[in-house]
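The letters A, B and C name the chains in turn, as written, and every chain counts its residues from 1.
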């Protein structure tokens, strides 16, 4: 069977799950304080940054540090619960489908859900930037090309993390541990991006990229150059390893 | 010709032996009744045949194919129904079947055929989690019957159905070999049930196969052992009881 | 008796182990922090304990809140997963007692975790600061306060989990709450009174603004209110499902 149709089947399985709300609500919550406190963007405390860049970066700060990773954790719970609550996985395993493809299709669904959130993010950013511009009589709206490429890279950088969370949910059978480990791993990422080993910690990648943006918009705050090496090869290695491990273990837990 | 054959199939969980040196011979185009009390190892055997759990030792062939090399091609030929029905509660009955249909690559019309066979047409648009126990059971059966697979593995398919439902499903199962030339392995803990459906019968107790043969052979054996041949239930109970006493269970 | 039964139900769910693990990680956190950046803090003027709790409490509480969210979700997940809940409501026990037992377990474990966390902070102060002194009464006082202001969050989270049959929905709401709180300004007094936000406060800061009594009262009232919400939910549940 074609991978694409398997993917459509996996998307069908999460119908009526209200996951869209979990994707949208934090995005909206994130921008409300930004609009309300838009005037604070002028008060930059000697940091050489333009108000519109400040608005963009401050707004995305909480998103990249906490909400993108947390959304991924919640989505993995949704995906595993959908299979387990009525034993659907048992039926899937007794049908002629490759478990590896099944596992990968679920991972792609996870990635698609974050991409969906990314689109909401861009839309709400523009909505709130326009509202803030009206309120403050100052143009907060940034160039669409700049915004889209930036947000896209932030979410691309979340893919290795998505693979790790997916691996956790496959390997760790007890839900409290897979969820707990996932959430606990988010907390220290703010500290880890200031250490030398940040590139080995996928939960900090989106935040790192945002800090680089910050560094570019306000010289001196943070590095303005991305350390591609060893980050790039390490992140790809982590993603592939996590996916291989989850594909090997997927479905075998039931078989013992 | 044997459609399904097992060779010394054994499954051990820790220090508990669920299935022990099982040798089944299930012939093509017949209904094979798999009988045994609760916990005898029927479900474990069926799960092994479907690749849902690995045998500790021994092997089996299904249509001359072996697991795990031929997993996908074996599963393509089997329609299965295991234990409590497995489905997705947030989808309707029809959507659940659509998932199976797509994986098996069947035409759209097969969903209706399957729903009709088990009498779920009026409830096709209802969410599966809102189904009654009997309806869930029927949905599970529809998922096994869809596309008329050449082999059917059904684990206690009449559980939770009302008398009318039991009769319907039983008649359906009995008619399958003639209609679609398929082989059926059906389990139950009730002998009268198996008696009404099956051509061949295998009796399992504590993982051991006590008897395998046709119903007539079972009657014969009952007669020689001094039980009334009209009452197979007694024969069955006595066989289980004798086995339990002999092995000290 | 119900309490013991509830304690039995969480067996094999990893609940206790998860609390223990989270407690250990959050206790190690200030130690590592000190090992790496001791001079930054020892050079600061003031009470060593206050310096340390200000530096670490946010992170430690984050762990506590996350484990309480996970714990509440798991407790009710075990009820709903195999319809255990259905059995319980058909037995002659009062559902609200079940709820309260769950709350009691959470509260007891939290007390243990918070006590260890405060003790570790005091230990760090004694080890790294020359002028630090040991005072058991103040450890108890701090533990008591930090525990009390955590109760509304624990009660609310259990209430949410009891209402949502799908674990990931209650988990999602909890996480969104944590997130929301983290982006609101932290120095706003009214905001700091609410669940998911109050646990971040420390006795030192609240004392300084002489809000302690008001704060404690508000947390007790909120805890009771969320409990009453559950009572109301249990009474009206049958008309929803």
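Basically, a contact is a pair of C-beta atoms (placed from the backbone, for glycine too) under 8 Å apart; a residue touches a chain by one contact, two chains touch by 3 or more.
It should be emphasised that the depicted structure is a prediction, and the values quoted were computed from it without experimental measurement.
Interchain contacts link the chains end to end along an open line, per the touch definition above.
Centrality by C-alpha centroid: the chain sitting nearest the overall protein C-alpha mean is A. With centres taken as mean Cα positions, chain C sits 50 Å from chain B.
Chain centres here are Cα means. That of chain A falls 26 Å from that of chain C. Per-chain Cα centroids separate chain A from chain B by 45 Å. Within chain B, not a single residue touches two or more of the remaining chains.
Of all residues in chain A, those touching 2 or more other chains are 17, 85, listed in ascending order.
Listing the residues of chain B that touch chain A in their complex gives 50-54, 71-76, 78, 80, 82-91, 95, 98-100, 102-105, 127-129, 143. Here chain A touches chain C in the complex through residues 17-18, 22, 25-26, 29-30, 33, 37, 62, 66-67, 70, 73-74, 77-78, 81, 85, 174-177, 179-180, 183-184, 187-188, going by the rule given at the top. Considering their complex, residues 1, 5-6, 8-9, 12-17, 82, 85-91, 93-98, 254-256 of chain A touch chain B. Every residue of chain C that touches chain A in the complex is listed here, in rising order: 13-15, 17-18, 21-22, 25, 29, 59, 62-63, 66-67, 69-71, 73-74, 77, 81, 166-169, 171-172, 175-176, 178-180, 182-185.
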